[in-house]
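Both complexes shown next keep chain A, but they swap its partner, so chain B is in the first and chain C is in the second.
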Partner chain A sequence: MKLLVCIKQVPDMESRFKPDAAGVWFAETDLAFRMNEYDEYAVEQAVQLREKLGDGCELTVLSIGPDRVVEAIKKALAMGCDNAAHIQDPAASGKDPWQIASIIAAYAKDKGFDLIFTGMQSQDRGSAQVGVTVAELLGIASTSTIVGFDYDNGTITAKRELEGGIKGVVKMKTPALVTCQLGLNIPRYPTLPNIMKAKKKEIAAIPVADLLNADSLATTTSFHPPAKKGGGIVLEGDVADQVDKLIAILKDKTAVLR
Partner chain B sequence: MNFELSQDHKVLQSAVRDFVEKEIKPIAMKIDEEHMIPDTLVAKMGEMGLLGSYLPEEYGGAGLDMLSYAIVVEEVSKACGSSGVLISAHTSLCSGPIYTFGTEEQKKKWLPPLNSGDIIGCFLLTEPDAGSDAGAISTTYTRDGDDYIINGAKMFITNGGYKGTGVIFATSDKNLKHKGVSAFIIDLQSHGVVILKNEKKMGIRGSYTTAFAFDNVRIPVANLLGQEGQGFKIAMDTLNGGRIGIASQALGIAEGAFALALAYSKERKQFGAPICDLQAIQFKLADMYAKIETSKLMTYKAACLKDAKKSYTMESAMCKMLASEAATFVTKEAIQIHGGYGFICDYEVERMYRDAKITEIYEGTNEVQRVVISKLLLS
Partner chain C sequence: MKTLLIGEYREGKLLDSTYELFGFAGQLGAETALLLVGSETQLPAYGGTLYLADAAACGEYNPDLHKKLVLEAVQKENPDYIVFVHSSYGWDLAPRVAAALKIAQVSEVVALADGGFEVGCCNAKMRRTVKPASARAVVTIQAGAFPVLQPGGSPAVQKLTSDGGAALEFVGYEAAEKKDVDLAKAEVIVSAGRGVGKKDNIPVIAALAAALGGELGASRPVVDAEWVSHSHQVGTTGQTVSPKLYVACGISGAIQHLAGMKKSDFIIAINKDKDAPIGEIADVLVVADVMQFVPALTAKLAR
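Here is the complex of A and B:
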């Protein structure tokens, strides 16, 4: 059985973001990067399945981006992936979800993956489109936002998160793709011995030009970091006054009171 | 010259950081209050591979390098100096000399349970009357058939309370001074090994600091480490490497306190603005950060020199001295920035200040480090 997990390296979301020179995305200078949190759940689920299926199973991790994304790839290898594909693309952050999905589909199409795991969305762009678009391009089944996963003899049983705390259960035959929601499992720490072993695992470097065959359908035209927070509002006067003001603000600015 | 960590080292750093953030940081206060690192945490550190980072895979270690080890101790010590020294003393003072000076049989027998953390290691050199003057130890050994018999007392033994595996130093004849000293591997569960007390301390309270008596303790001759009479050399060589661990611990404590002080200086408002707007606080932050970065460069350099199998005695002495003095300085200033709150036990900088002091003392006092550095300069 062949498994693929697709991961993205994203900035630490606690960073202070500034626009890049062109003003269309954030500047990468001084940012610390890590594996997209949703993808950590995808990797963990893929590794758990890989361990359950044993030696007949091969798990590949894929990431698109500049050299720095190898760090995220190495983490996934240390968590238990068998080998990796690094799609080298210094300009990945400028590509839209359609192009990213096309690149992944072009890589995966003749490889015969039985099951593909992705994060539900990335923490930085947050489109939640890449996973399901890959499935569409490959013509395979998919389900999104999974919070429970089981695999038995070619059938996937996935618990999905619906709105308002409702869950649904989906069954699919392989080949298929699932996008993983936070809380699906408890991602493991890469242990030191596994970090060492990961150094010997193969990382195939593939130039993006070999796989890119789609134009972008959407273009990000400008980037706006959040405005600097003001000083807040200090309510003054006697308690009854303050309560009235607070209620007025809550009614006006929030959905807490209607 | 490249001052950036390799991708492999960054992967390791972020893995250890995540582990520390979730498993150690939330209980660091409790470890200090209860004078105890929970066994569950020791087990988790073992599973994570933190207790055998630079020992080869064939002996159950992770097979990483000295720089990785320094990063491990640093990251752990950012949250908890007690856990940091547990790793440091265990790895570089017990597993380290067994790996460097042990026979193949000794390595195969003793290292795997140490590297997995099933057994915690310690280093038994210091005695009531022999600290910096390590050649003056009076614990004795005599040969009796296939055994050596050890008699005497040891004190200030980090990790001693676990009664695991130790590297112990004893003399055949005190008059021979350092030439009479030999090193042995000892199972501290052996008959005649008595814990006199686990000391109550100013800082690193979660870490055991143990006083032992040895009453006719029999050690098989197979446990002699290196040659008879080579013990002093083994001790000095081991402490050379150990200093990189202590420098990393001190560095971590300093970084932990600095992060808290920096964040607090942005939150705390006085005179209508955050106190970080005051130059008095800005200058403190600048001094603290500069000392941290200086220590980090020297610590990483010493680790890289050891990895490259180059001489690192001078650098390990300097990094231990610089980082420990940075730690006491930075933690003291971190309390000052916190003001009255910093003096209260609910704020972590108070613990960090207490934890920092010992790094100027153990594994060679900073006065001894200055002796080492100046001797090399003048030799």
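Here is the complex of A and C:
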């Protein structure tokens, strides 16, 4: 059985984002990058299945991007993936979801993956398109936003998260793709021995030009902060001072303090 | 300009979010046609063309069949935009339609922009303006971003049917977990977010809730990490609340959380990130480390 998990490296979302020179995405200066949070759940689920199925199973992790994404790949290898494909693309952030999905589909199409895991969306771009589009391009079954996963003898039973806490239960046969929602599992932290073991695992480097066969369908024309609605009071500075000011506001504006 | 709007049924009922699609089309100044996989007994208040397929036959969640139905309606209507709500139904189906037509999809639109669409990015801290390069495009709109608009009238129904195999079997719905805390009745809610740092710090937030005579709430990451039980979760997949006072401690303000608490009378956010989206809706934003500020506030209140 062959498994693939697709991951993206994104900036820490606590960062302050500033537009790049072209004004269409963020400048990377001063940003710390990490594995997209949704993808950590995808990797964990793939590794759990890999462990359950044992030796006959191979789990590949794939990431598209500049050299820095190798860090995220190494984390996935340390979590338990067997090998990796780094699709080298310094310009990945300028590609739209259609192109990213096309690249992944071009990589996967003749490799016979039985099951593909992706995050439900990326934290930075947030289109929630790539996973499902990959499945459509490969002509395989897919479902999105899963918070429950079970695999038994070629059949996947997944729970989709719907609005209001309801879940939808679906079954499909491999080959298939699932996109993973937060809370699907508890992603593991790589242990030191596994980090050391991961250093010996193979990372295949593939130039993106070998796989890119699609033009972009949408263009970003501007990257900017949301318009400030204003009106809110901002308290900064010394904590004791902030506490006094906040209590004064609570007494003035709410009936909570008497 | 013409839009094909894709409405949504859940457990036999037309979802109200369907009318937000008309709000979007209204802002675009576009003509509309509506497609629903639903039921003749639950028709929308809409006087235009309704492409209606029977959910009893096609299922409420059956992406393969629903995709075929949308494509059939697209062929008949020739729309400029095919519009979904960015919901568990919409974000699942929209990319399938876009891929089949090889056209752009613009996800989670929050507003119209000059010649394009505004979408959120970077955990809603930033915005992008996106322009489709294809003549026709698929759009998903953020729930709550566009006004609810009930056109009124009775639809001219055109029935659609679809058959053929489906790769996916829908087994059924699983009801939401029973809640042991009814946050909807609380007058004060103090919620813990990821900025609280670790499970051991939750009692500090609970102590502030107690000092204010309120209940403990939580954002999704805190519930996912099992620091707090799901019954305390506020947001789209948890409870929707509107207390007199809502205190968000270390919550950045993901749209799903904001949707669950933005109707609170008074909102205080405590966050070390001044740019966090929660600041957009807070009456007071305290820029501070939660674990320094909250104990100090609780101590002062206890005096």
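The working rule: the second predicted complex is superposed on the first by the 226 of 258 C-alpha atoms of A that agree within 3 Å, B and C clash if a C-alpha of one lies under 4 Å from a C-alpha of the other, contacts with A are read in each partner's own complex, and residues count from 1 in each chain.
One rule holds in what follows: a contact is a pair of C-beta atoms (placed from the backbone, for glycine too) under 8 Å apart; a residue touches a chain by one contact, two chains touch by 3 or more.
Quantities reported herein were computed from a predicted structural model and do not represent experimental measurements.
> Identify which of chain B and chain C touches the larger number of residues of chain A.
Of chain B and chain C, more residues of chain A lie in contact with C.
> Quick one: is A:Ala205 in contact with chain B, with chain C, with both, or with neither? Answer first, second, both or neither.
neither
> Tell me the contact category for A:Ala248 with respect to chain B and chain C: first, second, both or neither.
The answer is neither, since A:Ala248 touches no partner chain.
> Counting only touches as set out at the top, which of chain B and chain C does A:Lys159 meet: first, second, both, neither?
second
> If we overlay the two complexes on their shared chain A, which of chain B and chain C does A:Ala22 touch? Say first, second, both or neither.
Neither chain B nor chain C is touched by A:Ala22.
> On the A-aligned overlay, A:Val70 touches which partner chain: chain B = first, chain C = second, or both, or neither?
Touch partner of A:Val70: chain B, not chain C.
> Examine A:Val239 and indicate which partner it touches, taking first as chain B and second as chain C; both and neither are also allowed.
Once the two structures are laid over each other on A, A:Val239 reaches chain C alone.
> Would you mind writing out the residues of chain A in touch with chain B in their complex?
Residues in contact with chain B: 34, 70-71, 74-75, 78, 189-196, 198-199.
> Which residues, counting only chain B, touch chain A once they are in their complex?
7-8, 10-12, 14-15, 18-19, 47-50, 52-53, 57, 61-64, 68, 72
> Where on chain A does chain C make contact in their complex?
11, 13-14, 16-17, 24, 26, 96-98, 101, 123-129, 132-133, 136-137, 140-145, 157, 159-173, 176, 182-183, 186, 215-226, 228-229, 231-236, 239-240, 242-244, 246-247, 249-250, 253-257
> Taking the complex as given, what residues does chain C use to touch chain A?
Interface residues on chain C, with respect to chain A: 10, 61, 63, 86-88, 91-92, 94-96, 98-100, 102-108, 113, 115-116, 119-134, 137, 167-177, 187-188, 212-213, 220-221, 223-226, 230, 236-238, 244-245, 252, 265-266, 268, 273-275, 277, 279-288, 292-293, 296-297, 300-301.
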